[in-house]
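Note that chain A is present in both complexes that follow, paired respectively with chain B and with chain C.
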Partner chain A sequence: MTVPRLARKAFMLLGLPIILVAVWWVASAGSTSPFWPPLQTILETFPATWTWDRIVQDVMPSLARLGIGYGLAVVIGVAAGTAIGLMPRLRALSEPVLEFFRAVPPPVLVPIIALFAGYTGWLGKIITIALGCLWPILLNTVEGVRGLEPVLGDTAKSYHLSPWRRLVFVVLPGASPRIFAGARQALSIGVILMVISELFGANRGLGAAIVQFQRSFAIPQMWTGIILLGLIGVVLAALFKAVENRMLAWYVGQRQIERGE
Partner chain B sequence: MSFTRPLTASLEDRAAASSTPQDVALDLRGVQKTYDTPGRPQVEAIRHLEFQIGRGELVCVVGPSGAGKTTLLRSIAGLLDLTAGEVVLDGATVTGPPQGMAVVFQEYGRSLFPWMTVRQNVELPLKEKGIGKAERRDKVDRALAEVGLTEATEQHPWQLSGGMQQRVAIARAIAFEPTVLLMDEPFAAVDAQTRAELEDLVRSLWKHLGVTVLFVTHDIDEAVYLGERVIVLSNRPTVLMEDVRVDLPAERDQLTTRSDARFGELRGHVYALIQKAKAGERPDQPVPDEEA
Partner chain C sequence: MSSSPPTLAPTRRAAGPRPRRRGRRTDAWLGVAGVFIVLAGSELLSRTGIVNPDFLPPVTEMYASLFGLLGEADFWESLWLTVRGWAIGLAAAMALGIVVGFVIGSIPFLRAFTNSTIEFLRPIPSVALIPLVVLLFGTQPQSAFLLVLYAAFWQVLVQVLYGVADVDPVARDTARSYRFGPLRVARSVIYPTALPYIMTAFRLAAAVALILEITAELVIGVPGLGRDIGIAQSSGNVPETYALVIVVGLIGVGVNMFARLVERKALWWHPSVRSETP
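Let's look at the complex of A and B:
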């Protein structure tokens, strides 16, 4: 890549964020409102607020719960989705139930889950995240498996591929574009639920910290928490994209050729 | 019996094998197929088909469009349950995809696994057979060389042209070392020049490997050029119109064979049969009255 093209790419990537930050900086510069502190003040507060101790005590546990809950959702969602997608009877049986659960907004489950799994421990929070992330992954996996090219199924049959090989080499790769689409949706739901699960009766965690700052009128600190949350979202999305680009390279390439790009 | 035999059986073997008339590779006995989906009108696709294919023969099946060619092929491949009758491969009734059979589908672009490289595509069925790594590699290399694909083996199928993709599908089929190779209008979607090349490839593979080939096509020229016999099907519900013996020399090439007077006669004959079939004439029924 030549230098001008690199610069262009960097501008495309960072241009809008830089403009937005600049607008925020200028617009909030002289603010005296306690709820709307100048960006300069927020940024000055940042290092003192997010010390190593706080990162270990609050950020890491939140991310760990997100990781566990999201991981569970991926494993369960892909496994159950594949089974449902492959078995028409099971699908007919489970479809109404799935549609019902999908329509329930995950945050309303927080108080219910807390009743069974406790308000303060990890379990309730992990269940909340996993349940919220499960549906998009599960339903997309079902669709991906169902939408598999029938000729590929015939090919697998006529070459006597064992059920295991069919699953690993045919069904899962074939459904992977849809699985990734579901997993991407689930990731943003997971970040939201990571925060929401801590709003009720938790005293440690990124979400809990933001609420505590707000309740103790530590407004600039609260803002730093929100910024940190946004940055975590950006990093997670980038990580996701990197994994997706690697796993779906064939799909991206095939689509480019089909579209004549 | 012989899906373990070497990739290249000698011509003598094949000649010896096919000299006995009872050595039948594929036997269709009273095959009948009616699609009976609840909630939809019944469709009688194949009424009655009965023919045999000798070991090492190359037989083409042609018929008017909608003659149930694909239904027939899928039945033989064990991908479809018959309503009545049976398909016997190497003495055993076909109840599911049989061991000694490989299929090359019409939709080459959709029968290859796009997430695998060319090599992995050819190799996958061999893994299933439990062949060791070194031997697998060797077989894949030979199959790819047979179809003229020695480069591009680490590319993905969608990076190749249509003709090349169909070569990959053929390589996968012959690496499997079937006794019977089924081909379902494999060249319907490639351009005329590529098609001629692929036809010659099929002829040369057939001679070289001693495999029995059943080649389904809608193209009359292709059927006569390739086949030792051409089985002409009626319109739906399908019965056999005629089993045409192609008495052209064994050595065929695009230029001389196609300008051969006998080729023209055979082509004309099959063409006339197809026209009759299209008009609704069937051997199992009297000719329908014109404007009755």
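Let's look at the complex of A and C:
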């Protein structure tokens, strides 16, 4: 790649973000409004606010809960979704029920889970995250398994593949584009629930910390929390994309060929 | 580009008749049976005390409480506030997302220039804004509006961008050689291509908007059903908590059905819809 093209690419990639940050910096520079502190102040308070101690105490547990809950949702969602997708009768039986549970906005689960598990420990929070993430993964897996190319199934049958091999080599890979679509939706829901689950009761965690800053009117600190949360969202999305690109490389290539690119 | 598998999946379905499709009526009856099994099962769990009835009251009690609510003016007021907040936020997000998407999508420079920023802003969880909107608006409906707008806007924008990018180059060139003005191009070339994507955006955004509306009510205390759920739970009225959750779930089902209906009506000419009707 030649230097001008590289420069152009860098400009396209970084131009607008730099402009936006610069505008924010300049516009907020002399700000005396308590709600909109200067960006400089926010950045200066960042290292003081998110010390190593706080990261270990607040951020790590939040991310761990997200990881456990999300992992549970993926395992249960794919397993149950494959079973339901492979059995038409089971699907017909469970479809209206699943539609209802999917339509319930996940945050309203919080008060109900609070009844069962209490909301001071990890358990309630993990259940909240897992339950919220489960439905998009489950329903997309069902659709993915159901929409499998019939020729693939017939071929596997005529080669007398054992049910297990059929599952591992035909069904799951065939459904994986839809599974990933569901998992991506679930990830953003999971981040939302990670934050919301910490807003109830006296708690520690990233979401709880941000709200405590807000309640004690530590506004620059609150802004650093918002920025950190945003960064976590961006990093998680990038990680997801990297995994997806790796595991779905065959599918991306296939689609490109279909579109004649 | 590869990240839109949920869109328009039906077009990829094989055109041939599906083998041995059982009757729709059997499926419907099985569905009813499934609902009945779940209701009866949870009633049984609660009545026999396997699950503590303080936590999971019998379904019949939940519905008794639900019917009690139907007679209260406060309930209808909350329902109206929730639905209104959802509708206004969704409408604003749709309008903004479509206009911005059309403008950015049809100018290649803008599209390349904004790409990194959109990819960066989109995954920022909207709940990160909760402390900010609380400071700005407190428990007024504007708090919920901002959260709903932020969350739903990105859904719409990204889908519209995919849709505009999907325009057939031949159609675009034809329009250009006929010297269509930009408005005419937008109306008769870009719009029909982007419409299926806009409908997908509507479906996704409608669900997200409801989630954020309820979240704002539950967490911030914006008046509406979400706040009622919080109040019912903290005052120990368990059947009413469940009753309200059921109502919210039914609203969610209604929202999904409404979105699919709109999609069907608006896209009656599109192959993805036409191939579905037998």
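Throughout what follows, the second predicted complex is superposed on the first by the 244 of 261 C-alpha atoms of A that agree within 3 Å, B and C clash if a C-alpha of one lies under 4 Å from a C-alpha of the other, contacts with A are read in each partner's own complex, and residues count from 1 in each chain.
Everything below uses one rule, namely that contacts are C-beta pairs under 8 Å (C-beta built on N, C-alpha and C of every residue); 3 or more make two chains touch, one makes a residue touch a chain.
Predicted model, so just to flag it, every value in this text is computed and none were measured.
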Contacts of A:I257 with chain B and chain C, given as first, second, both or neither: first
Of chain B and chain C, the chain that contacts the larger number of chain A residues: C
Which superposed partner A:F35 touches (first chain B, second chain C, both, neither): second
Partner chain(s) touched by A:L167 [first = chain B, second = chain C, both, neither]: neither
First, second, both or neither for A:Y159, with chain B first and chain C second: first
Chain B versus chain C as contact partner of A:A218, first or second or both or neither: neither
Contacts of A:I68 with chain B and chain C, given as first, second, both or neither: neither
Which superposed partner A:E149 touches (first chain B, second chain C, both, neither): both
Those residues of chain A which chain B touches in one complex and chain C touches in the other: 149, 251
Sites on chain A touched by chain C in the complex: 12-17, 20, 35, 88-89, 92-97, 99-112, 114-116, 140, 143, 147, 149-150, 177-178, 180-181, 184-185, 188-189, 191-192, 195-196, 199, 207, 210-211, 213-214, 219, 222, 225-226, 229-230, 233-234, 236-237, 241, 244-245, 248, 251-252, 255
Complex contacts: residues of chain A adjacent to chain B: 149, 151-152, 154-155, 157-162, 165, 169-170, 173-174, 176, 250-251, 253-254, 257-258
Partner chain A, residues of chain B touching it in the complex: 74, 77-79, 96-97, 99, 101-103, 105, 107, 110-111, 113-116, 124-125, 127-128, 156, 158-159, 172, 176
List of chain C residues in touch with chain A within their complex: 2-3, 5-6, 9, 12-14, 18-19, 22, 26-27, 30-35, 37-38, 54-55, 112-117, 120, 122-132, 134-136, 207, 210-211, 214-215, 218-219, 226, 229-230, 232-233, 238, 241-242, 244-245, 248-253, 255-256
